[in-house]
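Right after this note come the structures.
Next come two complexes built around chain A: one with chain B, the other with chain C.
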Partner chain A sequence: MASATVIEIRGLSKSYGSGTKQTAALRNLNLSVHQGEIFGYLGPNGAGKTTTIRMLLDLIRPSSGSASIFGMDIRDHSVEIHRRVGFLPGELSLWEGRSGQQIIHYVASVHGDSKGITKQADELAKRLQLDTSKRVRDLSSGNKRKLGLVLAMMHSPDLLILDEPTNGLDPLVQQTFHEMMDEFRDKGKTVFLSSHILSEVQAICDRAGILRDGDLKAVESIEKLMNVEFHWVDVQFRDAVPEGLARQLQQSSEISDVAVNGSRVKMRLVGDFDPLLRMISDGYVKDLRVEEPSLEDIFLAYYSDGREAR
Partner chain B sequence: MTGIVFANTLRTSWKQILYWGLGLGLLGFYIAFIASSSDIIQGYADLLASMPPALLQAFGASSVEILRSSEGWIVSVFVSEAAIFLSVFAVMAGMNITANDEQAGIMDVVMSLPISRSSYILERWIGYAAIGLGILLLCAAITLFGLVLFGVDAQMDLVFISILNLYPGALLVMTVTGLLALIVRRRALAIGLSAAFVVASYVFNLIGGAASGAIADLMQGLSFFSYTQGEEIVLGNYDPASTLLLLLVVLVGFALSVRMFISRDIGV
Partner chain C sequence: MIGSVFLETYKQTWKQMVYWGVGLAAMALMVVLMVPLFDMQDIKDLLETFPPIILAMVGIGKELEIFATNEGFVAMGFFGKSALIFAVYPVVMGMRITANEEDSGTMDVLLSLPVQRARVIVEKFIAYSISIVGVVLLIYLGMQIGVSIAGIDLDVARLAEVTFYLIPLMVFIMAVTMLIAVIVRRRSVALGIVTAFVIASYMLQAIGAVAEGTVAEPIGSISFLTYYNAGDILTQGFIWPHIAGFVVVSAVLLLASLYQYERRDIAV
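Then we have the complex of A and B:
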């Protein structure tokens, strides 16, 4: 059964400046994020990730296109939407002179049900090992990030929008964060997170969109992205690499990135293995390793000019 | 509108009432001390009487006669100085409505909460307007206490009303600053333009009051200081239309601010 669409983006574009100085930050974005999934929004700095997120939260207005969250237009119903959304900005700024507790209390009172939310915040802070009695100016960047996560999650939102959530978090807390995201998804809630950390997206996301220079290049399930039709093949011969093999490999349309190192040959293979096995059969193959492409390989493939991952 | 932002504004900024109210109040207290000596007042009035009218205007009085009464002296000397100091507070308050949080990046967090932009700016504006009123009340209380303590024979109600009459001008400066900050976006530029607005108003009032003719009248008419009628209150010539005009400009300025804040991108 198809799950409900939580985020629906239709032809969203954003440009900054005017006239000849106009710069497109995002072009004609179409995207749907479904209930109960963790969606990874991948791309390097300046790709348009934060612009998308800020438009979804009605902080900035689209140049064209529209978007809805929970079926409500992001501009017309921003207050109702924000009631059900938790947000962590990429660059979190808070009132430096106020303590975590004071900020939690303020944000909780804006959400209503201050008592229940504050209690939930205490539990989250305990889990993330955050001392909320300290003033923001006395918190390290990692602890500020933790406070941001507490503020985003304490009112039990139905949708979390997180911009580079693990920036500055130590590995142990990152692990806790991953667990929290899994639990969040298990409750049927949705996460939209932007990241440039591929391993993180690979570890916790169900689907990912890859953004480049304001264009969405691909949206796929992580499983499918990981199942692209290329592999890294590493062949170790007992003796020297058979004569002419390197040239033969380079001439093959299905093999690229051939690197010979002593009695080893490494290459990128697209498609079936049989043609390769026939080519290397002249030598004595001591070892043959096949590596699945990492998300990073896929990412680079999408980003390499004129070539996309197959 | 929930009042939460308003309450939070007061909670985080109430100390400004103490700092500014005490500062201005001590100035009033000091003026009250001087006013306790009729010799000083008369000597001061005689000194100014021998000077050109423009200099008299620079000292905050339109005629020497008003300076000869205690309440007239207090209003002319103290209120005109307090108006300038209060303008500094008003510029800072205007920047605090939205600009400072926006510049610091805090607005991203605030505006992702379930609160509309119009409610937010309204509650912030009311919060700082309330702080401004608190400052004036504290200032008036300390000044009147000084008058009682030093046994100054002055009409307390007129002094009190004259001090409170600074409020519309302060609201105007605060609103203009808030609006400029929303338009120009750069904090330093907004402060500079607001300061220029206050200084230009002061200079226009000074020159317009000292000179005569259509241009001088126009200059004075363009200055918000000329609508602050401390002397008129003492002389019994108070014209509520001037105060209403200031409040009308405040209302229009605030309506423009709300419209601007609702329609623009935040933090870009």
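Then we have the complex of A and C:
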């Protein structure tokens, strides 16, 4: 990609504790996120997503390695970086006794351009149908999340770092959020988005990284991940499954997860179809269905031991 | 923008400042209104019958003469016995500088903004110090109202000195709380350590006062409460070396907090 690198992570690691009680939350992470892309950071709880984000924001310090945002070191230039970054934490906590409007004014005043930012905040709140006059303690979790999005976006940042952004948002607002992300990208801005909702990453991200137990397992474009060379194949025979077919399929290096159910055989096929077609030609094939793998299938494939997607 | 954290901190705190100030002012008012009800010489005679340890625990030293005066009665009735009460407000404020915000998660939001950690601590420290001044001013106002209502003869200037002496004392307690919270991170642990520190200081002061003239006397000098003695202030006025001590130590504690907070991870 020719566009500029916005986030550059080099050998970033984070461990907690010491001695025998030391646990690695993140190991030797190397990653680049480019200008104008929406990058999905995928992984289950405890994989190291939030640890990465908190290090990028200089809330916690790396055990080793370094990272830069907009070409500036995350530790040495945190204030300059934060001026251009909008952040939404995964577990958003705000000042409970203050109203949305008061918090918007507070955050805007820290940014230094109170008037322009609050005007932008009003527009965002209107779009997300958020009542900012209510106190935080009176807001539902979904509305709190909306307020978090307003706070992250109201100063027109160049980079958004969002940790599980649509948690608690209803489907209509999620749709609005997706539109907002598309518009954000169209302006040449960048989004680093962590999520465990695969359909969301599939819908809005350009590239995704898959994190497991603190290790980055893969980084690919969504398009490429979707073109991963495996398919689910479901063969329905008119009569019984031909004798010896199941064993033949299981012995094939391209075929796995063979499941026979009456006259049906389901399997996972890697590579070309021709060898499979030759194997099943002894029977009368009534129906044959091929399913494209979902991102979830790919995700699970990366996660299954000793068998990563190709 | 410089001052934004200070302003917001003050906006979030002024109500508590008023509640605490009015509460303590009401206590001060009550003590002043009790002055005409007692013969101060009788009080002094009564005090002389108490064991020194009991007197030390309510902040009364050897100079019992001062407690035969109206000012001495107020000092004993309010400032002496309330030493631990005065510690509560600065502990609450000290916990708010970092521990409460880290515990609730709002520190992540705040420090993701273009603001240095040191600036957050300094602006909050100043805001809470001003709220301490506000509380002390309300206490003084309560006493003044009491003097007007009771129509008693009271050396207001001397009482003002005892009252405003609370400011460096309370700021010091807040600074201690802040540093402990910065070091241990967890709110509940920090609160436990600060409480132990204040109670231990209280006990050491009492032991030091009782052990005067013995080898155990220097124990009292370890306690910060030794440097806030209402009786001493009534007789000597502001004891500037002690005030300077509180100010310097508070400044050192602030610098240590800045140093430590800059180095460590923000808790979740």
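In this text, the second predicted complex is superposed on the first by the 309 of 310 C-alpha atoms of A that agree within 3 Å, B and C clash if a C-alpha of one lies under 4 Å from a C-alpha of the other, contacts with A are read in each partner's own complex, and residues count from 1 in each chain.
One rule holds in what follows: contacts are C-beta pairs under 8 Å (C-beta built on N, C-alpha and C of every residue); 3 or more make two chains touch, one makes a residue touch a chain.
Since the structure is predicted, the reported quantities are computational estimates derived from the model, not experimental observations.
After superposition onto chain A, the partners chain B and chain C occupy overlapping space and clash.
When the two complexes are overlaid on their common chain A, residue A:139 makes contact with neither chain B nor chain C. Contacts of A:160 after superposition on the shared chain: neither chain B nor chain C is touched. Contacts of chain A with chain B, set against its contacts with chain C after fitting on chain A, overlap at residues 54, 57-61, 78-80, 82-83, 85, 87, 89, 91-95, 98, 106-107, 109-111, 151.
Of all the residues in chain B, the ones that touch chain A in their complex are 2, 4-5, 8, 12, 104-109, 111-116, 263-268.
In the complex of the two chains, the chain C residues touching chain A come out as 1, 4-5, 7-8, 11-12, 104-106, 108-116, 263-266, 268. Residue ranges of chain A in contact with chain C, taken from their complex: 54, 57-61, 78-80, 82-83, 85, 87, 89, 91-98, 102, 106-107, 109-112, 114, 151. Of all residues in chain A, those touching chain B in their complex are 16, 54, 57-61, 78-80, 82-83, 85, 87, 89, 91-95, 98, 106-107, 109-111, 151.
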